[in-house]
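Dropping the structures in below, format is structure tokens.
Below, chain A partners chain B and then partners chain C, in two separate complexes.
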Partner chain A sequence: MKILAKNLSKWYGPIVGVNNLEFTITSGVTGFLGPNGAGKTTLLRLLTGQLKPSKGSLFINGQKIWNNHVILEEVGYCTELDNFWDYLTGFEFVSAMLRLHGFPLSEAKKKAREAVETMNMQEFQNKRIGSYSKGMRQRIKMAQAIAHDPQLLFLDEPLNGMDPLGRRSTIDLIKQFGEQGKTVIVSSHVLHEVEEMTDTILLINHGRLLAEGNIYEIRELIDTHPLQVTIICDKVNILTSQLLEFEDVKSVQLNREENQITIETISPEKFHQRLPQLALENNIKIQSLWSPDENLEAVFDYLVR
Partner chain B sequence: MNFLFKFFVKNSINSKRTIWIGVMGLVPVLFALIIVLLKPLITEQGVSVSSLFPQVSVFLYIHFLLPLTAIFVGTAVIADEVDGRTLPYLLTRPLPRRNIVMAKLLSGAAVTGVLFIISLAMVYIIMKQENGFSGLIRDIDIYLGTVGIVFLGLVVYLPLFCLIGGILKRPVLIGLFFTFGWESTISFLPGNIKYFSISHYLHILAKRLYDNQFTNSDPKRALLNLLFRSKEISSEAAIFILLAAAGIFVVLSVSLLYIKEYRLEKG
Partner chain C sequence: MPIYKETYHNWYGRLKENPLTWWVIGKTGIGLVIGKSKALLILLFIASSIPFFVRAVQIYLVTKVGDTSTIIQGVKGLTIDTEFFAGFLQGQMFFLILIIILTGAGLIAQERRYKALSVYFSKPVSFWDYVGGKFIIVAFYAFLVTLLPGLLLFIIKVLLSTDLTFLKTYYWIPFAMLAYGVISIVTLGGLMLALSSAAKGTGSAAVVFIVILMFPDILSKILSRIPEVGIFSIQSSLKQTGAFLFGIPKPYEFVVYGAIFMLMGVIGLSFVILQAKIKPTEVIK
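So, the complex of A and B:
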């Protein structure tokens, strides 16, 4: 399925929810990445027809979304809100959502059973949702989103509150959906979560699209800017003085207590070629080296700075 | 639509509001019991307890309980899902939005209507028991007619308060002002302004229903006439006006969900 946003803006009075967004999303998993309040949830609500664009337009397979309930037949949505009709059991909830989707009773029960099993909630399916832990509530919410086998899934912070096992299986499930050719959009402010699910992201902050595309393409965007590298070694003073002699090294932060230095270089490639030689010549033992920019979090931090 | 209706009925049954309405429904029952206890004093005046059923019905149900419960049920039609933050589950399903509002209104009317039927039945039995079983059966049309008027009132008041709940802030307060200010006073004002109140048309129906209970010289008839001073319009016309008003309020309430957006915050 294809999602197209054109000059999409949404504001609430003077508050801008999303601002002039343009993007196209096709099958596979796409991550909406941004800090809390970035506009991810507003965007998902626009995409699921809960909100009407203030300006611009939004299409799913060429059809407008607002007040178009037919398009929702192929949509599954996991809200970030942690609210339910608490008197229902998990199974009743998923089954009821399927009935609202138009499935007859027997089919709704069958599909609800399958979805509950997929989310590993069989043990708790007959307990009231009101008695569920946060992680269980999150899983049952996921179950109602996937139960009708939608081609288009919108998942708002789906891993929020899940235990490590639940997170792992949910991440695998999301990846599996992507591989099956479904269009899955996952929003998160926890960057490594998204990184585990997909390479394709939309970076959003203050309602604006900061970057779009493959994680590596986004990383290229910042290649013209200093790359941070942190090194832990035994002779931090010597290494610091040596590194400062190179023009591409813009700054060095020294932490003697931790035996750690953090440098900023505008030529990461040269830096990585030079460093082993430098260590060898000065007999410096490098214990660890990492670049925060290797992690998506650093890309995000840089772009929203 | 059928499942949606059943789903909302189940939600209503599990809500505290329904328990509250049930308790409120006991107020007329208590009142009826007090009247029965005061029977010696009442009969001294040459009035039978059973003949007071119309007055109790008009004052406690049509004037008080009906609009009051309609305020709380009507204003909560969408507010329940907004406050409970369950609205996204409904709005992201392939359901026409009109079905959501219609099913909620119908379920509200059904659950509240059943509570009224039970409450009215208890009052009817308590107040008419002095005539024995045959008396209860003989006057059953009075009971059924009263149920009909109350239900018709619900059909009009619920979408009206649903609309008020969707448009205005503090809808309960405004609903109370409307009910016990506008509706309660306007029916008794001279001129044609009373035609702009719902209770006026309910009064017409009640008057017609209870009229043949009394002889022309009966002082209670004079009391009813005082209550329902109005230019005579037929019961059919009153029912038509009430249903037309209900239709307009339903259409406006449904339209609101197509226009209005709900920005639900985490909480």
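So, the complex of A and C:
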């Protein structure tokens, strides 16, 4: 399913929630990032039809979202809030939510059972939500979000409070949904977890869209911060002297003890093209090469902080 | 590892409207209310059924034993007519108020407190589905203490009668009961839901509901020299409207249309409050 935002704005009196957003989200997993107060929750609420845009419009598969509850048939939403229906058991909660989607009782129960199993909650399904830990609540919320097999999933901080095993299986599940062609939007502030799920992000701050697309492509576009490349090789002195001759290489840090050099380049593409040739010509054995700031954390840092 | 195409994954499914979402909300809620307040509900139903059994015995004695009865004082001379059924329904008003408080005060207040509305409205649930579903819960229990016993009494009378004279004369009583019951349930149930949506908790919704019912009632009794004040009492207006529907002498001096107008106003105001308060998310400015 395709989500399209056009000049989307939402303000609460004088406070701007989101400001003039334009983006397209298609199938796969998209990370929805931003610091606290950036407008992530406002945007999620707009996307799930819970808030009316002050200006502009939002479409899912060409259909407007606001006041169109039928489109929510295909939407699964795992809210960040977890204080609700404490008196229901986990299973009752998931099957009641399925009934709201129009499933007959027997089918709702069957699907609820499947969703509960998917989230590894069988053992606790007949206990009241009130007695659940934060992680269990999170898993049961995920279960209700995925139970009706939606094509579009909005997950607001889905890994909050989960134990490491739960996190791992949920990350795998989210990736699996993306691979199946579902559109999954994950809002989180835990960057490394988002990075494990996807390379595609939507980064907002102060209600404005800062970046949209692949993390590595976005990183390349950030020309105010040269890309760092760390190399471990056998002839660090030779490589350092050679690299310093390149115009795009802005600095080289040498660590002789570990045979490691870290350079900063303003043209990563050119650099990566030339490096193999350079290594061949000088008979340099490169053991490893990585970019310490070519990741989500760095992109987030450079654009937001 | 499968290879997925890099283009858009198209979805060819069909979206469908589910016309019975309100019923799902209502049915689930009816069950939940029993689960939460079982003991109080049973107690209330036992108490509310006492007048029913008394009236049923009266019907039996009057119909089967007739004027020859000297078993119970007062049965002699009692007639089973419109006033008998109207009196029963009006007498059940006390239980109707109690059951509406018990089942309706927390219905929306608790969900707003838990911020659960955003979970509802992230599902294919409209405002009408939600309000309709919640109203069904209140109306179901209200029906059990008012209309159901009222209609049963009428059926008992018809079944005990040896001929069709009673049915031919009073065939319209069930319709009057239905109209009176619906007006009472919609007015009081709607008001309770509106207060539940506006209040911060179950207790405060219940207290405000009682104050709204009691205060104008007390005021109208204090200012009894000005009969028009009675219009502002929901209970008095309901009684006056009931008397009009059953065609029995009016208990108050104010005009019936004023009472009907008042009740419509309460229903309208309740609706406005519900619309203003039932929103998926609360925006804190």
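Quick note on the criterion: the second predicted complex is superposed on the first by the 234 of 305 C-alpha atoms of A that agree within 3 Å, B and C clash if a C-alpha of one lies under 4 Å from a C-alpha of the other, contacts with A are read in each partner's own complex, and residues count from 1 in each chain.
The rule is short, and it goes like this: a contact is a pair of C-beta atoms (placed from the backbone, for glycine too) under 8 Å apart; a residue touches a chain by one contact, two chains touch by 3 or more.
Small disclaimer: the values here were computed from a predicted structure and weren't measured.
Aligning the two structures on chain A places chain B and chain C in a clash. Once the two complexes are overlaid on the shared chain, A:11 sits clear of chain B and of chain C alike. Once the two complexes are overlaid on the shared chain, A:77 sits against chain B and chain C alike. When both complexes are overlaid on chain A, the residue A:51 reaches chain B and chain C alike.
Once the two complexes are laid over each other on the shared chain, residue contacts for A:26 go to chain C alone; chain B is not touched.
Chain A is touched at more residues by one of its partners, and among chain B and chain C that partner is C.
When the two complexes are overlaid on their common chain A, residue A:59 makes contact with neither chain B nor chain C. Once the two complexes are laid over each other on the shared chain, residue contacts for A:246 go to neither chain B nor chain C. Counting contacts as defined above, chain A residues 12, 45, 48-51, 69-73, 75, 77, 79, 81, 83-85, 87, 96-97, 99-102, 144 meet chain B in one complex and chain C in the other. On the chain A side of its complex with chain C, the touching residues are 1-2, 12-13, 15, 26-27, 45, 48-51, 61, 69-75, 77, 79, 81, 83-88, 96-97, 99-102, 144, 151, 154, 179, 181-182.
The touching residues of chain C, when paired with chain A in their complex, are 2, 4, 8-9, 11, 13, 15-18, 20-21, 24-25, 28, 32, 35-36, 111, 114-116, 118-126, 279-281, 283, 285.
Of all residues in chain A, those touching chain B in their complex are 12, 45, 48-52, 67, 69-73, 75, 77, 79-85, 87, 96-97, 99-102, 144. Per the touch definition, chain B reaches chain A in the complex via residues 3-4, 7, 11, 14, 84-86, 88-97, 258, 261-264, 266.
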